[in-house]
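Across the two complexes that follow, chain A remains constant while its partner is chain B and subsequently chain C.
Right, the complex of A and B next:
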């Protein structure tokens, strides 16, 4: 019995050390998890219905109308669309080659906030029968502005510096989105339950940052050991008006 | 006796306070201490090298001195468009610190060439407070371009884009104009520019530039010179590179060069107050084919 396990262990060690020795380009895998919830305290602003009457083709697709998305709350006191990521302590690696996708559908951006890594390919699709223009407004990266009339191919691009980039359409002023360009592969965006989970972390000391488009960033430091799951919660103080 | 001296000392100290306040307000308002990001930027215009600072020979610091004389009032000592005149003018002066420029021969998202900047200050921007600086010598303007580039770190990191190729203009035909008209409809330029190019499209009233200031789309019917030139080539370049910093996007990825020339021919017919061969040809055709033109901006297949 013991012999079998020893053999298996030796095999496992041989395989994993061969993997390491062969110089795998992947970042060091880990097994620790940082999880938690982003919530708000105070009274959040009421999200308003979007008036798309200037674009009847899109207005038809939203009955009842979609709401603005600058402060989206979820179950109980959950805060949605918060980007939670490792801002320090993470060993960077090569950018992933798989593209991330940003859609325009019914004159709305899907998703509202799209996270990606520095230099990761980004594909922007338009599924609407109306013309849009994609106008990211970065302050650190280079700004550009391209037209996407109906039937045009996806725009292929990438960002080379980390930044939270607002993106808008000038033709449809209610369209607002964000590109969260990050230097880490450990990130998550909260949904309706406000929960996030950063998996596959090697043991170490990290700074976890939560960013919300109206309320900015909050950070906490976490030290984590192999295989540990630690909980880190964020609470944003909200005000009852949009800005 | 005591009263007089006391009174006199009060007056004197009061005078000193007033003089001090006067001096402060007089000098504090106008700070011409120009603070660029770098002092070593140069420009190359038609083989002439322009410099903001230093020259070592007969023209020390000419660029910055010209800037102080002609430009700082609007563009500000930090080159960020916040000169003392800025609060009184609209559109606001260019912010050189972000290195985003409207009139370029290079693709959207890239820096303009030195020649683009030179052309911009030579031409000025009609319908704005930016005058034409043609009266200055080519060397002076080259020095000023070096000064403009000195305000942003981007010029040290990025190279200007590759200027787009503008193919020779094909012959003007009514077919070209009508194709251009169809494209104007399909690309939905009228959403901002309006079906007749009056700058009154459904989205026109909500347009803002990068700084959040309201901005109007070009009204073709006035016939004023375009932001970035007056020729057909300039018009071609405007929508094939986009006006960075404004809502006007680049159509380079979605319009082919021959389609672009068709669009140029059609856009000239919108400038109803100019005497252009395009407008004359178009009017003749419309008179000979009444009721054949479908109005623009009508069909939107759901």
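Right, the complex of A and C next:
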């Protein structure tokens, strides 16, 4: 009888040692950070004021009028609405179940660029007393458009392939935005200060990509160790005219 | 129900429905264009000509229904000599004459608006119609319109006309706006294009309406005679947002216009 217990104890020790040696099946939590700033060099184009007079109920919400948003600059030489994300080196994982929200308010899309993960739920709200017809125009994902008369419930949808998808309204030609569908959970969108921060990264070698809707993508390779904070900056050469 | 009841009903419907037209209950806004009175005159003549015939015909019908409309009518039916064929011929002749007269009289008005060329000092404004808005382009200080490139059109950037300011110097100062601003008493020529569907440019206050056909450049001219803000509406069903497709015409003094133009160029 004693022999049996010894064998069982030995087995138990072996299994737990193996468990400790091989590491837990869950993704290792990271503590490294890649941070930086996106700025521009050159003369940026002047953004144009948007005339919403055909929709007076929206026009009166914007006095002075809002401007187009294809190249939005911020403090000093900062570039806004740039999506910065890990395009290679990331382990990837299941899509988050928490939805992201896109709003139509005052006949503008808020935010101008919305980032989300592949298969993450997307909720599109219309808050205006006028009808909208949102029309995302993907090249890889499935294209669709849907009307939302006043008082409509939010559209519940998701995208199953990574892509930068331009979005327009079929009724109001000036409404324009982007869905940035990404394969990584490590992304950020620059604000007025042009700064971004990608947190919670495990140590490793990564490719960081910055995407701006008019000037395209730029990438840099970064190797980081556990708990390190590394700075990566991007500079986009801008031209004085929109295209 | 007796014939008298229906006779009276027909008579009353005729009088009430005609009254709305006679009294101009729902009518066009006041005319503010140099040639608008010709259109109004034509419209009134048409209304009177067709209206009188309509009222006469309906009242004759009402009388006959009153006299002969009861269920217990026993009198034999009488026919006009020659029967139905004579009546039909008579109707075709009357209506035919009316249409021909209105056409000949109206053709002068039509020609003055759509065929006569605009005056030499007319100011040219380029118009682009798309689903579901109108956009207007002024040549800017250099007086030249930049070339348009359909493949460069980008509504999100505000480049509704597909201009290429990077490579086309003439396009750099073009002024693109969503409201048509014009000086009062100045002849204007609109060159109209459509980006997608057939739209129609209609300014009720100017009595001016023109279909815009994709692939064609269609010129239209007018002179606005009164300052104010007037509605431009699309009058050709063009899709789900047709109800929402409109813009505004701002007629301002020459001084205000020059100032407005200067402020746009500075942008």
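Everything below uses one rule, namely that the second predicted complex is superposed on the first by the 216 of 243 C-alpha atoms of A that agree within 3 Å, B and C clash if a C-alpha of one lies under 4 Å from a C-alpha of the other, contacts with A are read in each partner's own complex, and residues count from 1 in each chain.
Note that contacts are C-beta pairs under 8 Å (C-beta built on N, C-alpha and C of every residue); 3 or more make two chains touch, one makes a residue touch a chain.
Note that the coordinates shown come from a computational prediction; the quantities given were computed from them, not determined experimentally.
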Next item on the list: Assess the superposed three-chain arrangement around chain A: do chain B and chain C clash, or do they fit?
Entry: clash
Next item on the list: Please work out whether A:171 is in contact with chain B alone, chain C alone, both, or neither, and reply first, second, both or neither.
Entry: both
Note to self: By the touch definition at the top of the document, which applies to A:50: first (chain B), second (chain C), both, or neither?
What the structure shows: second
Check: Touching A:143, do we find chain B (first), chain C (second), both, or neither?
Finding: first
Check: In the superposed arrangement, does A:161 touch chain B (first), chain C (second), both or neither?
Finding: neither
Margin query: Going by the contact rule set out at the top, does A:205 touch chain B (first), chain C (second), both, or neither?
Written below: neither
Margin query: Just checking: does A:105 make contact with chain B only, chain C only, both, or neither of them? Give me first, second, both or neither.
Written below: neither
Next item on the list: With the two complexes superposed on chain A, say which partner A:133 touches: chain B (first), chain C (second), both, or neither.
Entry: both
Check: After superposition on chain A, which segment of chain B among 199-207, 235-243, 253-261 or 289-297 overlaps with chain C?
Finding: 199-207
Item checked: Overlapping contact positions on chain A, where the chain C interface meets the chain B interface -> 54-55, 130-131, 133, 147, 170-173
Item checked: Footprint of chain A on chain B - complex, ascending -> 98, 100, 108-110, 154, 158, 186-188, 191-192, 202-203, 206-208, 210, 242, 244-254, 300-302
Margin query: Considering only the defined contacts, which chain A positions touch chain B in the complex?
Written below: 54-57, 60, 129-131, 133-135, 137, 139, 142-150, 152-153, 155, 170-173
Item checked: Residue ranges of chain C in contact with chain A within the complex -> 130-134, 152, 154-160, 164-166, 172, 176-179, 239-241, 244-248, 267
Next item on the list: Can you check the complex and tell me which residues of chain A touch chain C?
Entry: 46, 48-55, 68-70, 130-131, 133, 147, 166, 168, 170-174, 176, 214, 239-243
